Amino acid sequence: MSDGTDNHDQAPGSSLWPIGFAIGIACILVGLVISWPAAVLGAAVTIVFGVLWIRDAARSHAPVDSAPAHALVDGTPSEAQLAAEEQHLETYGRAGFLTLATIGLGGVIGAGVVLPSLGFAVLPSFTGEGIETNPVDLGPISNFPEGTFVITSFTGSKRQGDVSRRTAYIRNNGLSAEKEPSFTIIYSRCVHLGCPIQPNGPAFKDQAKTYKDVTLTPVKPAGFGCPCHGGAYDTEGNRTAGPPVRSLDRYAFSVADGNLILGDHFSVGTVAGTAADAVMTRYPVAYPGVHVDGIERFLYPLPVPGAGA
Amino acid sequence: MAKSARQAQIEKAALYPLDWTEERTGLVGYTKWFLFRNVPRDVNWMQTLGAATLTAFIVQATTGVFLAMYYKPDPDSAYASIQNITNEVTLGWLVRGMHKWGASLFIILMFLHMARTFMFGAYKYPRELNWITGVILLVMGMAEGFTGYLLPWDQTAYWATVVGININATAPIAGPFIAQFLQGGAQIGPDTLSKFYSLHMLVIPGGIMALIGLHMYLVIRLGVTSPPWSPTAAGRPRDEGEEPQGYGAYREGLIREHEEDKAS
Amino acid sequence: MASKKVQEDRDAFKRYKEDVKKEGKPFFPYAIFHDTVMSFVVVAVIIGLAVIWKFTVDDGQPGALGPLYEKEADPGTTNFIPRPDWFFYFLFYLLRIFKWPESVVLGTVGIPTLLLILLIMLPFYDRRPERLLLRRPVAFVAAILVVISMGVLTWKGATAKEGSEAVGEVPTWAKEQGFADNAVAVEVATLFAESGCLNCHVYLGAGGQNLGAPELTEEGLKNRGIEWQVAHLKNPSSKVPGSPMPSFADLGDENLTKIATFLEASKGPQK
């Protein structure tokens, strides 16, 4: 049907511009890793060859001799016209090229705007930005009487201020079998969905102390309870009732100059033994409701980058 | 009564801006078509619920825009700015109160409107996409509720958000990633509030407006359904050959159907 | 070729369009009037609620529609009881129903996602052209069930009282059990309320029902004696073999005796 100017002899393919274009792209990519000037050079090469390529391609695709003016019968194109239209597409004329080029350029523009914004919106959450590395000083060990829990509220990050207020239930276990100081430090967030757990027992508000911005209130709990969906824990943080999926999170600690220093936050499957003899596996901090052991842990196979220590 | 030349002149002058606009935009014609297009004769009071939902949304958008002039999305000042709006700024309590209670009403109305369309079977051919855009609007409306709940930065706000984020975290595989994206880091931190604020006042409302546009376009294009129990429902099945013929025939049909009803 | 159903649907819609054209009424002003009346009601209700909310607040005491705001957020709190906005109460209560660790994900994402998919796909599995609800028995029953269960879940969520809310209930107990004037009794009741018994047990309507724990409102009627109670609290399974109740020995003898005394004195509401 279409015996126009456009046929396969003149199809692109002999042009070398795409190769230059590809080299330019490669330069950009390598430059991004090695040095900025190289990337800029690559960009320039890409643009130059890109323009040449487009010009070349556009020139070699003169308009197709279109099928005879559409004489529609009954509003539907005839067989012959359909065949012609198909051929028209197949011959890949100037219109076809411009269509693709428009879609392509549109895509590039879209990507240029959307990708950086999207990256900005999403990536910072996963780089670990804003995780505080300065250890928190909870004050002299003498503030933690042996064998009782102390409700300890502290500011996790001086820079972030009050948003980083946290509470831990800290029990001084005395000296361990190896004659090392031993503390049980339980994080105050329920491992069902993160509500603030409460100690089950009387708090001694009249014996409350403060050290800098740390507040310390002794308490005598028989365990911990969650006010949201009925989660309950014993004094080692093991679940005794309700929906929590693991034992309460804990903090590591160290002692420096007689002061208790808060260490890494970690998650726990279950705790065996009690107080100084407690044995548990430390897992990286997991979100509440996320199983760290047992078969259900396979529901959450991928570690989340930047989730903190 | 013939108009005086003077009256005609005034009328022409008054209509001139409309003509001027119509000539350049064609919008006057569209508006006229929109206003004077026919809807089924028997539409029911329950079918005002969609418009009511739209009104509630407009109330939210309007009051929200003005609340944004006084609200400060930063953990150190958010709570104080809410107190300031409620207690100090003239009429602040009213605008905040309208936004707060309007939110509940908006959600209630969406559910009622959905119940109405369910009851009428209005989601069936050809209105499937009304329903689907509707459900997405419902979800986005509830997402507005969730993100807005954090903004006062009081105890309820904070802890409901903690639980909400952690609910997302329990979704298999992707859950922890979603949660971490929502709180913008490993913990609810200084940026979480401004992120929720941006979602609450820009991202989600933008989506809602676009979808309301689509929803309304479909409603106008397809028309609203008649109550299914109506004997004169538009599109009711008929015997062969019986064709409605204008209002007179419609009245006759009404009377005939009524008598048939009585007879049977 | 279009199937018979598709053809029927199309014919019906064509008929609809013709009917509306011939028999319908103009949107303006007939239908828009009703819309406007309804919108007026909506705006009036919103303003009305805002006014009631603000003007029933009395000297910082929450008004008829609750407080103007709660206390400022404290990420380190140990005594706050979180609750969601009312339209998430159903989900909140759903989470309390799934109180086994293995089932958490069902309540948090499983069921809500399933319901959402069912909702959004509705036009694709309910394809009969029938629109009258009474002639759509499945839809009718499903609608009633959904409304009832959402209603019940929302209501239960709104009224749920967790064990840790019990401390706030002590004055009510004092009134109902008639010990309001007895300072020691009030102190002991407070100790009982804050010791976490009500994470599992129910006392005068407050408390979570966990592990099948019995209600304690009338525990005193069993006449077990203070000694039995203390021993049981220290080691529940020594008195009730196989009991899933955890030990409360950490509270110390003095506190345990107080709690035991409280239990023995609990003989149901004194009317």
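Chains here go by letter, A, B and C, matching the order in which they are written, and residues are numbered from 1 within each.
Everything below uses one rule, namely that a residue touches a chain if its C-beta (ideal position, glycine included) is under 8 Å from a C-beta of that chain, and two chains touch if they have at least 3 such contacts.
Computed from a predicted model, the values in this text were never measured in an experiment.
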Taking chains as nodes and touches as edges, what kind of graph is this: line, ring, star, complete or other?
complete
Higher-contact pair (C-beta pairs counted), A-C versus A-B:
A-C
Compute the distance, rounded to whole Å, between the mean C-alpha positions of subunit B and subunit C.
28
Rounded to a whole Å, what is the gap between the Cα centroids of subunit A and subunit B?
33
If a residue has to touch 2 or more other chains to count, which residues of subunit C qualify?
74-75, 77, 80, 82, 95, 104-105, 108
Two or more other chains touching the same residue: where does that happen in subunit B?
75, 159, 162-163, 167, 170, 172, 175, 188
Residue list for subunit A, restricted to those that touch at least two other chains:
162-164, 193, 195-196, 228, 289, 299
Within the complex, which stretch of subunit C touches subunit B?
9, 12-13, 15-28, 30-32, 34-39, 41-43, 45-47, 49-51, 53-54, 65, 68-75, 77, 80, 82-88, 91, 95, 104-105, 108-109, 116, 119-120, 122-124, 126-133, 136, 139, 143, 147
Parts of subunit B lying in touch with subunit A, wherever the complex brings them together:
75-76, 159, 162-163, 165-167, 169-170, 172-173, 175-177, 179-181, 183-192
Which part of subunit C faces subunit A closely enough to touch in the complex?
74-82, 92, 95-96, 98-105, 108, 162-165, 191, 194-197, 199-200, 208, 210-211, 244, 246-252, 255
In their shared complex, subunit C is touched by residues of subunit A numbered 151, 153-154, 162-167, 188, 192-193, 195-203, 220-230, 232, 234-235, 239-246, 289, 291, 296, 299
Which of the residues in subunit A come into contact with subunit B in the complex?
122, 124-126, 128-131, 156, 160-164, 189, 193-196, 228, 285-290, 299-302, 304, 306-308
